[in-house]
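Here the chain labels run A, B, C and D in written order, and each chain numbers its own residues starting at 1.
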Amino acid sequence: MTQPLFEPFDFEKPIYTIQEKIEELMRISEETGVDFQSEIDKLSARAEAFRMNVYKNLQPKEKVQIARHPQRPSAIEVIRQLSPQTWFELHGDRAGQDDQAVVGGIIEFLDRPVMVVGTQKGRGMKENLVHNFGMPNPEGYRKAMRLFSHANKFGMPIVTLIDTPGAYPGIAAEQHGIGIAIAHNIREMARLRVPIVSIVLGEGCSGGALGIGVANEIYMLEHALYTVISPEGCASILWRSPEYAAQAAESLKITAQDLFAFEMIEGIIPEPLGGAHYDPQMTIESVRSSLLSSLTTLTQLSPEELVEQRYQKFRKIGAFEESVLTR
Amino acid sequence: MTQPLFEPFDFEKPIYTIQEKIEELMRISEETGVDFQSEIDKLSARAEAFRMNVYKNLQPKEKVQIARHPQRPSAIEVIRQLSPQTWFELHGDRAGQDDQAVVGGIIEFLDRPVMVVGTQKGRGMKENLVHNFGMPNPEGYRKAMRLFSHANKFGMPIVTLIDTPGAYPGIAAEQHGIGIAIAHNIREMARLRVPIVSIVLGEGCSGGALGIGVANEIYMLEHALYTVISPEGCASILWRSPEYAAQAAESLKITAQDLFAFEMIEGIIPEPLGGAHYDPQMTIESVRSSLLSSLTTLTQLSPEELVEQRYQKFRKIGAFEESVLTR
Amino acid sequence: MPLGHWFASKRNNKASLNPESVNQKLTDGDFERLWIQCYNCSERFPKKDIQENRMVCSACGYHFRINSWERIHQITDSFEELNASLRPKDPLNFTDTAPYAERIEKTEAKTNLKEAVITGIGKISDTKFALAVMDFSYMGGSMGSVVGEKITRLIETALEENLSLIIFSSSGGARMQEGTYSLMQMVKTGAALAKLHEAGLLYISVLTEPTFGGVTASYGTLGDIIIAEEGARIGFAGRRVIEQTIRQKLPADFQTANYLLKYGQVDMVVQRQQLKESLYRLIQLHQKSLTLAGPVSSRQL
Amino acid sequence: MPLGHWFASKRNNKASLNPESVNQKLTDGDFERLWIQCYNCSERFPKKDIQENRMVCSACGYHFRINSWERIHQITDSFEELNASLRPKDPLNFTDTAPYAERIEKTEAKTNLKEAVITGIGKISDTKFALAVMDFSYMGGSMGSVVGEKITRLIETALEENLSLIIFSSSGGARMQEGTYSLMQMVKTGAALAKLHEAGLLYISVLTEPTFGGVTASYGTLGDIIIAEEGARIGFAGRRVIEQTIRQKLPADFQTANYLLKYGQVDMVVQRQQLKESLYRLIQLHQKSLTLAGPVSSRQL
């Protein structure tokens, strides 16, 4: 691992520095003929322990960096690996746009057709412009809803893949009713009579995520995040400066581990050490096994049970006090 | 009736000329003291007979002129007179536009709330630009459909008022799916479980009319027209010149009387002599009585009966030969 | 409305009129207490006159922001509050420049409100309806667990008692201090409205100055009929966020009630003077229709 | 496909390839009969090669217009025609530059078709489906009473036999010569599709060069899945009408298959070579899903 696979994050740099030193020692050992092997072994072991320690104790702000890593598996990559044979991509809202921040279509999974809908970020500027950095316009939510309705009509389970910094804050988005589009999806997803599983792949941000996120079960990748507002946005408002983003990330409790503790999600999907971008393929295999077990269970429920289970999942979320005297 | 109320159509000019002559005679009679009264009475009677004759034998091309008369009662005028107390206008497609070529909302009629949706032309250039000459864009049909769904949800009968030269042939209209919008309305109107009555006030042109025209009962004003294509458009294509519009109007069989003979409409609403623009108020009262009897009957049907009756009404339309040997 | 609430409403008027209603240059306490200056046309009026005019400037028609009790007073003949004891908790143990717990106490003391929404059963003449009114003076009308829970319970009450529902929104969005707890209230309320929708009951959403973010993207825009109050600004993303994203100046009327009407997002813009009458008539019309039309299941598409 | 039809199809190839396929300058009858020149890239090929390539230019991928029997041959393993005897009448006694009745006879003689659509039951492998294929060579694929009736009966057959439905559209619009009779076919077919929709059966609409007017505004765009064949031009209003109305030049790719994809109106653009396989897989997937999912009524929203 001489050359890092990626530009390392700041918090990863010590790992690479130690690794370099060890390799230097090995080179010297070779050149001089002096046997440093036992020292090198001990150093390597300690370096490994250090590495484990860094990755197992990631701060929220560090998880935010990982969750946004450009090499993280995207919705399309997940779709392609889950169903290499079948992928009928369906396009458009039937009303004027095919918002590429939302992708979707029919795959085969669990030996049956499944409707997948995901928010899609791009890699590099060109792709990002196509996919609008994963920020859907209202038309994207309407496209998603059209696919959900299709799935419901034909009894296909739905899988949504969430990775978005939020709905797009633009003039046309406001004009075309971005709020209405998300609200409508929330209400209509609540009514769908097929199983819905959501996987948060990277960023699950605000109403932009909920627009495809009203699921029977929600899973998050180990370093994914789910938040009411981006840490930067929160810092700008509450601390009056985006520089407090790290503190906001901490305070907002946005990690998969937090959400699991709050009982808002059903499970955490493990990532390779360092994050999904170190081994996207393995990561997607983990996604596969979570989906397998989730859908195997959910497809056994009746439409009525599915709707009721989904309702209760969200109905119970809330933290409040209530004096027993009044009503 | 010295001054014509309106710029007369060519075919009306003899009526006004005769009238002028009679008035001249009366003036001379007064000036000279010579008693022309019996001659004048006879002339007047013959003039009246001539007038009756002109208006009772209107050619299709003349009916087209009357149907397009700018002073003809518009959807909004009909709405206001039918329900002077209650008129909750509802706006917008909830997705980016409030197409003013389509107006609609809740009125009170038959002592119950009724949803009215109509295409609206303007009077004069300014109004016509607002209402796009009564040519809806896809957003207009989506607005209409939203109101139809509202009516269905709350069990309100629907009245649609048709007066359109057709859906708008524009770039954005094509981009936003004008065909899909009309098709979708046709399919969904067929499913609505409340009574639907359509009144063709003036022009009922092409798919643009059908987008709000799938009704249990259709009525046409006496000089209104319902056609697959404007006479000018038809002439341009089949005769290769719009100058054959009169022939096209004749050949296409577009008058209320034709449609009634084809059993495609349930009734013809009488207009005052010369056309609705000679007495809009009286015309709207005739609309009221047709609506009254139609809705009184239809509101007695069950939702299932309504859907089935509407289906059969259109199912049976068609002229074809079939040899009995096959199938 | 219980008398205590009415007094509370009177007490809160002053707070709710800040900062728009008070001329900053005048220090004369008498003026502040008895007079009011229009934020829009700068005309001055005896406060009593404006209050009698439903807090609308009689010179230019400017709609002053009003608090929830004032609103309830304006649009009902009587009102019975429900779930009044619900108070926020601090599930994240959240602290920004001040602890959330502290903010809650201060806000409660300042506004005399327990949360950013009041819910209950309102009556106009003999017509009962479920009513929620948000209050921007309580933490910018932000939607946290209590708002979500009270709205959801109100919807459930409407379902049980077969009532029409009216929600007056006024909110800066989700309450960040409750993190994903606040976010998920969008789903909770939206899913409850799915049940109301299936039951075929009427929901009128009234969007008042200002309504943004998570409320716009959930119950705020799920009305069968959506009314924007004259002068209200309504949107999903805030003006500043959009300007920063697109690096472009926004039109002056962006996100105003009439802008939304033009872009097809609300059914009507209503003046405050006409609101009570409009709501009453709309409820009556829909109830009449539902009574005549038979079971909702027979009309399911 | 009955053998007779297959021969008819072969006979009709020439007619259906007009005017695009035949180089006007060449008068050599042999060339015309045996060779074909691509309308797009001007390359010449033995006609047999292009036919074997499903009438797609092997140099540039240009899709030649094909007639209905050729299409049926390309996308089915077998086909049983229904309602083959339906022929048009002349309900308006219509005459423009020639009587409609005369046009009908001439067209029938020229195309060897009884109307602008062929309907029946197709099969790919063991999978049966209801299939309608329009034919532009019969009066520009215009939709009159017979087209409406045959499509409607086919939908009714699909409902009775629980089959998926595929319609290949190719049409200039409603048939003017039948006046409102043709217009009302839009409602007749649309209402039949409402029943199919409620029954939860799959309908795939395939839009082929060219599809316009009343077909676009009725069954053409009511598919659960809408496929545009590569190179097809699809729209409601014709290019010329729009240009006359807006007095503006239209973009070159206006109303092409890919333009429609970009504007969100079709699910996919498919090359002719892939059509049969795509249709087969889509039907199979949906049928499998329906089998596993239980009664459609249990999923009614």
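Note that a residue touches a chain if its C-beta (ideal position, glycine included) is under 8 Å from a C-beta of that chain, and two chains touch if they have at least 3 such contacts.
All figures in this text were calculated on a predicted structure; none of them were measured in a lab.
Seen from the Cα centre of chain A, the chain whose own Cα centre is farthest off is B. Compared on C-beta pairs in contact, B-C and B-D come out with B-D as the pair having more.
If you average the Cα atoms of chain A and of chain D, the two centres end up 43 Å apart.
Centre-to-centre separation between chain A and chain C, using Cα means, comes to 34 Å. Touching two or more other chains at once are residues 197, 221, 263-265, 300-301 of chain C. Under the contact definition stated at the top, the residues of chain B that touch 2 or more other chains are 94-96, 175-177, 180, 188, 191.
Taken in their complex, chain D has these residues touching chain B: 82-92, 94-97, 145-146, 148-149, 152, 174, 176-188, 190-195, 197-198, 213-214, 216-222, 235-238, 241-242, 245-246, 248, 250, 254-255, 263-265.
Residue ranges of chain B in contact with chain D, taken from their complex: 167-171, 173-180, 182-184, 186-188, 190-191, 206-207, 210-211, 213-214, 226-229, 233-234, 237-239, 244, 247-248, 251-254, 258-259, 262, 264, 310-311, 314-315, 317-323, 325-327.
Residues of chain A touching chain D in their complex: 86, 88-99, 106, 108, 112-113, 139, 143, 149-150, 152-156, 188, 191-194, 299, 302-304. The residues of chain A lying in touch with chain B in their complex are 94-96, 138, 142, 172, 175-177, 180-181.
Considering their complex, residues 197, 200, 202, 221, 224-225, 261-268, 278, 281-282, 285-286, 288-290, 292-294, 296, 298-301 of chain C touch chain B.
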